[in-house]
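Heads up, the next two complexes both have subunit A, just with different partners, subunit B and then subunit C.
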Partner chain A sequence: MEDLAAFERLVCKNASDFHYMKICLVLEKGRRNVEAAQFKQLMISGLRQLYGEVGAALPFDVLKFDPSTLTGMVRVCNSSLVKLWSAITLIGSYQNELCAFRVTQVSPFLIALSGNSRKLELD
Partner chain B sequence: MVRFKSRYLLCEVCVENRSSLLLLEEKSIYLAVKAAVARAHGDYGSALLIVSYAVKYVNAHTGIVLIRCRKSHYRIICSALPFINSLENRGQKVPCFLNCLHVGGTIRTCQKFLVKYSTQQLHRMLPQCKNEAERDEVRSAVLSCSLGKERDVEEDEMEDDWEDE
Partner chain C sequence: MVCKMAMFMDLNISFTKDKKTLQNIIETAAHLGYSTVAINYTLESQQKKPEIPKPASISDLFDKLPVVQGRSRPIKVLNRLTVVATDPSHFRPTSEYKLFDLVAVHPKTEKIFHAACMTFEADIICVTVTEKQPFHFKRAPVNGAIDRGVFFEIIYTPAIRDSTMRRYTIGNSLGLMETCKGKGVILSSGAEKPLELRGPYDIANLGILFGLSEGDAKAAVSTNCRSVVLGGETRTTAFGIIHTVKKPPSAPTPSDKDESGETDNPASKRAKMEQ
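So, the complex of A and B:
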């Protein structure tokens, strides 16, 4: 009986050091010219507001930014993922204009962001 | 009942001119630490300070300050302390820095440490004396803080330990 109840425990620790986020910036009055640097600057200002100068120094990279859809791909350390996420969630305005960050996808693997099962269209 | 656990940071205020130390106030330290935490750790850090952050004890003569905060986030204060470079005392801005000597769980342990530390400092001062009068003064100070006296002081402060929270 005990043999049957015995089970094997498999623990799979995340091997990746980074998390990748797909983030979309939504502005109140529709789209306008936002550069990748401005996008990153806005995120850093959010971090500085919530976590101070220590937060503003957290390392993260904007890997790709698409100005037409205002969508960016961000790479961030596992340890600062929660801080970055909470800081950008609380950003409310960009150059005196209401705005919001929408986190579309988060994954420890970059390839997972190449597709989105929610928008999958079957032929 | 759950006891709220605190950490007490025993800090030393270092100033250039000893006489400006006498202007030291509880409120100025409270505000300076709060501003430093707000700068270094932002809204999140200053929100953590709302619970249980207090300046418990200020000694204007020796420049010793005792700060209380929650055990869970004393590191937030500890890391912000080096960024304080001036204290505003009664309208005067005094350049200084705070040196964290000890982190204890109760006021009692901090006090024990402080007595030990002060005795040590006296022993260190003795060889640095320039004339005989100074030397005699330090020597008598070293002798006056004997073990018997130390115990008396500790017992006086016993009740401080329990007023926690």
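So, the complex of A and C:
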């Protein structure tokens, strides 16, 4: 029966008021110039489509945006994480071009986004 | 160590004749972390003489299957047949059905929905998401389906494509959740293009929007799909299947390998084997 404890689960309550997400925008015809403001605008339009004006007013910040990889770090308060995440999941086009948001990492701690254990290469 | 982590599956990727697109979709799925995908062939029964499609062999598609991200194992590709039924006679489990790993039925009327839940030998019942569900989900058939180990499938790609479809998807799934309470549901893509796929965690989150609880939503992309795949394997055999896992390295030599397998089936499947 010792097999059952193959992993340990730690629950940490009230860890942080915010969640941080690392999000990558993928476009059908490859990369092109997207600015941080446009990136945020696209997310807001997604929120408005799914949740209306109230959704568009959800507070979230784009902390950092790298136009060369179209990757951004977003801070959002815990209560609106599910709404923001579902809204960007359902975004399917940007300026009449197919697109997809790939959420690479989500964490209540900003420092967790500095590395990615899935891309870790062991010697 | 036996790691019992969830494996994510996407049991509906639309078949296209375009090999390149299909390869692209499967590669994207592997990259997103899905460890099993199923290529879906649809059988429209409305035509006079419906022809059951032949599943293409996976080895034709790939010389070497893409590796799943974070698992360093190649992705598993299954074949699935979806029968769109407007009449009970449309669903005939012939030997052609056995060529597929999974069989799904898409009932168009309440009568067929009832029959699909209670009697049809299918693994999945598709829920309409592209138009308003023409009937109400009654408790008796839905519970019957859950007891028999048949799962309801909600596909999310139409919700990404179009906002009207999104309304129907959310509305119909909330209607289903009212009856099934989040049990026996799987979420899959139905993707025709790589960019229509979403990551497994995104979908688990989307499940909350469809009225599932957090745990049920995650089960809908992982453990429930696993039950469907195992159920599909049972269908082709006489009674059931036994899934064996290797014991931890402490177990001695391969000579005991045969006895050391442990059954790892959900309770519903175990019941079936005792028949």
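Definition applied: the second predicted complex is superposed on the first by the 110 of 123 C-alpha atoms of A that agree within 3 Å, B and C clash if a C-alpha of one lies under 4 Å from a C-alpha of the other, contacts with A are read in each partner's own complex, and residues count from 1 in each chain.
Going forward, a contact is a pair of C-beta atoms (placed from the backbone, for glycine too) under 8 Å apart; a residue touches a chain by one contact, two chains touch by 3 or more.
In this text the structure is predicted, and so the values were computed from the model without any measurement.
Peer 1: Just from the overlay, do subunit B and subunit C fit on subunit A, or is there a clash?
Peer 2: Fit: subunit B and subunit C sit side by side once superposed on subunit A.
Peer 1: So in the superposed three-chain picture, is A:92 touching just subunit B, just subunit C, both, or none of them (first/second/both/neither)?
Peer 2: second
Peer 1: Should A:28 be classified as contacting the first partner (subunit B), the second (subunit C), both, or neither?
Peer 2: Touch status of A:28: second partner only.
Peer 1: In the superposed arrangement, which partner chain does A:53 touch: subunit B (first), subunit C (second), both, or neither?
Peer 2: So A:53 only meets subunit B here.
Peer 1: Which partner chains sit in contact with A:82 here, subunit B, subunit C, both or neither? Use first/second/both/neither.
Peer 2: second
Peer 1: Just checking: does A:115 make contact with subunit B only, subunit C only, both, or neither of them? Give me first, second, both or neither.
Peer 2: Touch partners of A:115: none, neither subunit B nor subunit C.
Peer 1: Who touches more of subunit A, subunit B or subunit C?
Peer 2: Per-residue touch count on subunit A favours C.
Peer 1: In whole Å, what is the nearest CA distance you get between subunit B and subunit C after the fit?
Peer 2: Result, nearest C-alpha distance in the overlay: 5 Å.
Peer 1: Just to be sure I follow: which residues of subunit A are touched by subunit B in one complex and then by subunit C in the other one?
Peer 2: Subunit A residues touching both partners: 49-50.
Peer 1: For subunit C, which residues count as touching subunit A in their complex?
Peer 2: Answer in residue numbers: 1-5, 32, 69-70, 159-161, 163, 166, 193, 195-199, 201-203, 205-206, 208-209, 248.
Peer 1: What residues of subunit A sit close enough to touch subunit C in their complex?
Peer 2: It comes out as residues 3-4, 6-7, 26, 28, 49-50, 82, 85-86, 89-92, 98-100, 102-103, 106, 118.
Peer 1: Can you list the residues on subunit A that touch subunit B in the complex?
Peer 2: Against subunit B, subunit A makes touches at 48-55.
Peer 1: Would you mind writing out the residues of subunit B in touch with subunit A in their complex?
Peer 2: 37-45, 79
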